[in-house]
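Below, each structure is written out as structure tokens.
Presented sequentially are two complexes of subunit A, the first with subunit B as partner and the second with subunit C.
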Partner chain A sequence: MFGHKGKGNYAYVVARVRAKKASLMGDEVYQKMLMMSLPEISRFISESGYQKEMAELAGRIGGIDLVEHATYMNMARVFSDILRSTTGELRDMVSAYLTKWDLWNLKVILRGKAYGADKESIKEDLVPAGRLNEVMLDKLLSLETDKEVIEEFGRMEHMKVPPEVVNAFTAEGRLGSVEDYFDRLFYTRLLSQLDPSSGPKRLFQDFIRREIDTINLETILILKMEGIFGDDVMKYIIPGGKQIDKKLATQLANAETISAAANDLSQLDFYEDIKETLTENGSLKNFVAAMKKYHIGLTKKFSSLYPLSVIPVLDFMIRKNIEVDNIRIIARGIESGIDRETIKELLVI
Partner chain B sequence: MEPSGMLAIGAGLAVGLAGIGTGIGQKDAAAAAIGAITEDKGMLGKSLMFVALPETIVIFGLVIAFLILFVM
Partner chain C sequence: MPTQEITPTRSALLEVKKRIKLSKSGYKIMKMKRDGLIIEFFAVMEKAKKMRDDVLTDYGAAMQKIAIARAVEGAMAVKSAAYALKADPQVKLGSKSIMGMMVPKVECEVIKTPMTERGYGVIQTSAHIEEAAQAFEKLLVTLVRAAEVETTMKRLLDEIEKTKRRVNALEFKVIPELQEAGAFIEFRLQEMERENTIRLKHLKKKSEAA
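Right after this comes the complex of A and B.
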């Protein structure tokens, strides 16, 4: 995963992502889009950065499918374009981070197959921004059984998938076990392969460990709200978090109430940002949004502190992903006739 | 060594070292400028200005070289 020589072309890539970031949609654009109908949204995004993909797909699909497929296709192209423009260890780090999308694609393929979706509709939700290109994803899509998909994916990614994971999935039919396994594997493999001897890699490691904290805390609180505690929670915890170590994670997993968990979190950096949402009858949606905002804010802060590092690139990628998610939420919400205030609450602004 | 020889070496170092420093500074500025122009052609004018900015250091080196050679 980490084999390129040289430091990398930070100045060139960071200048490019900063220019790209400047053209991302702002809050006022989302407010405007909330007032539009679906055809108006399609037309609007055709004129604001998604024109190539919209034009390419407009002949084949339409409506909400067009918006969803075009936004994902655009995101995949932008991310691949960034990866192509990087060199040296910067390329290694960006490429390692983009492996996330390979896991996303695997989940989409498995879920699609489980629900009996056809090949073309599964393809619409794929984001070929990771290591696996469209040809490889097509190969995965064309495989008959889920077991074959998982095993082939493991071979493509050089990941060993333990037979018990595959057997648990094929016997119980639960996608969750495979998804959790790959999520954990992604972060543990990334951390184990990262040699923190150089400053940029240390910074990247720090970023990844903070991201793990965010994911773990979300997992703990989501399960707590569902009434799941202790070891049943700990099996989903990704090791390697920066602030939430195993001891604190166990403490949080065992806490009987949200208030008790909030008390344990009070010494951590992000407590101030999320404390409003940590109430017994608080909404999970608000908590997840607060954690997302904290993560975005932190990435923004670090990208200003370390302008010539991988962080501005990751900052842009996170924001681009949020933009695409927001467009899809608005389009899907309006298509389904959901109240505009409810859609607004779902947006990450 | 003759004093004039020492002065010539000093003048050479003033221009040479300033040039190396400018090169180091310009390396990142030019790479960033190309990156910015790739994304937005309208950035060309501003980018050129920032790329040229480190070159002023060479002028300081040149002035020092002239002072060494012709004033001292």
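Right after this comes the complex of A and C.
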């Protein structure tokens, strides 16, 4: 994956993403959107940079689904554009990070096929924001069996899929093991390929390790709410977290309540950001939003500290993703009749 | 029972008396059953009311959770997670008796599936989707229980109606008709006895005159 030579065109790409970042929606825009009706939101976003995608999809999709698909399509195009404009090690890092979307698409294809959904409806839910373009995703989609899809995906992403993982999946028919395998492999491989001796790579590694912390903590808390503890939790933990190492993860996995886990987390630097959300009320809604806010706060800080690194690029990509999420949260929230206060809590601003 | 169809004999009278006794005891039992069913119905109705409230609460909560999941994660992600589900909810159907009436008994066998066995991966699965899945599982359990209580209530209502009709039929038709038939037979038997006595007196007079 990390095969490109040279440091990469940081100055050019950072300048481009900074210009793009300036056009992202700000807090006041979301406040305005909260006061709008669904047709008004559709019209508003058509006039706010999503015009091309809205017009392109309007013939096939309507209503709230149009907003969701158009915003995703726009995001996919922006990410592909950024990836195309990068060179050298910067390209390697951006491309590695965007593999996340390839995993999303793989899951959509495998789940759709397992359910028996038709090709067209699966294709509609794909977001080609990763390394794999539409042609490659079409190729995956056209394969007959799940096994072929997994093996072809492995070849495209240079990810080795052990036969026992595929066999376990074909025997049990559950996708969970394959999905978890790829999710773990994505992060472990990424960390192993990053050489911390280079400044930008060290920053990127740090960013990835913090993201692993977020994912692991969310996994631990979800499973805790399900009444799953100890080793049954540890098998889903991705190694390499920045603050949550194996020892702390085991401690958290063994904690019987969320409050007990909160005590163990009190030494971590994001504890202040999430402590209010760690309650036994049976919902992790606020915790998830708080972790996202912490994560973007961090990238914002690092992108100003290290302007000529991969961080400003990642910061923009995360913010673009959050813009798409926020538009969808507002539009779907209004459509479903969720009260404005709850929608505000769900927004990551 | 039309009086023309009645044979006014002693055995018929005995038969009618036996039927009156049986009908009266049946009437008493039916009345007790009707009262018992009504008491049972009110108890089940209280349960049904509570179940309806629970269904409404759980439905509201589940819809709220799925709306949040669709908003935060997107309808595409929610649909994709739903595609991965492998678990089929299973219920066990049985029956139990309330005052001789069979009502369904539904037990949830497999409705709640642990997250690790749902079909999709655990890592990267959103808490919102998982909370929505849990809320819908809870709703399904409540719906199954509500279905049992509602069916029991409907069966009880039907049975009360049926028993009420039987009690009324016994009270206002069968018993009065049988009593009428008994009175008619007794009257006819007395009439026949009087006719016999007169006939015998006539015969005695004739034989004395001869």
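One rule holds in what follows: the second predicted complex is superposed on the first by the 336 of 349 C-alpha atoms of A that agree within 3 Å, B and C clash if a C-alpha of one lies under 4 Å from a C-alpha of the other, contacts with A are read in each partner's own complex, and residues count from 1 in each chain.
We adopt the following convention: a contact is a pair of C-beta atoms (placed from the backbone, for glycine too) under 8 Å apart; a residue touches a chain by one contact, two chains touch by 3 or more.
This one's a predicted model, so the numbers in the text were calculated from it and none came from an experiment.
Peer 1: Between subunit B and subunit C, whom does A:349 touch in the aligned arrangement: first, second, both, or neither?
Peer 2: Touch status of A:349: no partner.
Peer 1: If we overlay the two complexes on their shared chain A, which of subunit B and subunit C does A:183 touch? Say first, second, both or neither.
Peer 2: A:183: touches subunit C, not subunit B.
Peer 1: Of the two partners subunit B and subunit C, indicate the one touching more residues belonging to subunit A.
Peer 2: C
Peer 1: When the two structures are overlaid on chain A, which partner does A:308 contact: first (subunit B), second (subunit C), both, or neither?
Peer 2: first
Peer 1: Quick check on the superposed pair: does A:58 touch subunit B, subunit C, both, or neither? Answer first, second, both or neither.
Peer 2: Once the two structures are laid over each other on A, A:58 reaches no partner at all.
Peer 1: Of the two partner chains, subunit B (first) and subunit C (second), which one does A:11 touch, if any: first, second, both, or neither?
Peer 2: Touch status of A:11: first partner only.
Peer 1: With touch defined as at the start, can you tell me which subunit A residues reach subunit B in the complex?
Peer 2: Residues in contact with subunit B: 9-16, 18-20, 23, 85, 308.
Peer 1: Using the touch rule from the top, collect the residues of subunit C that touch subunit A in their complex.
Peer 2: Touching subunit A: residues 63-64, 67-68, 70-72, 74-76, 79-81, 83-84, 86, 114-128, 130-131, 134 of subunit C.
Peer 1: Subunit A touches which residues of subunit B in the complex?
Peer 2: Per the stated touch rule, the residues are 27-29, 31-36, 38-40, 43.
Peer 1: Quick check: in the complex, which residue numbers of subunit A touch subunit C?
Peer 2: Residues 64-65, 68-69, 72, 103, 107-108, 110-112, 114-115, 117, 125, 127, 173-180, 183-184, 215, 218-219, 221-223, 226, 228, 232, 236, 238, 282-285, 287-288, 325, 328-329, 332-333, 336-338, 342-343, 346 of subunit A touch subunit C in their complex.
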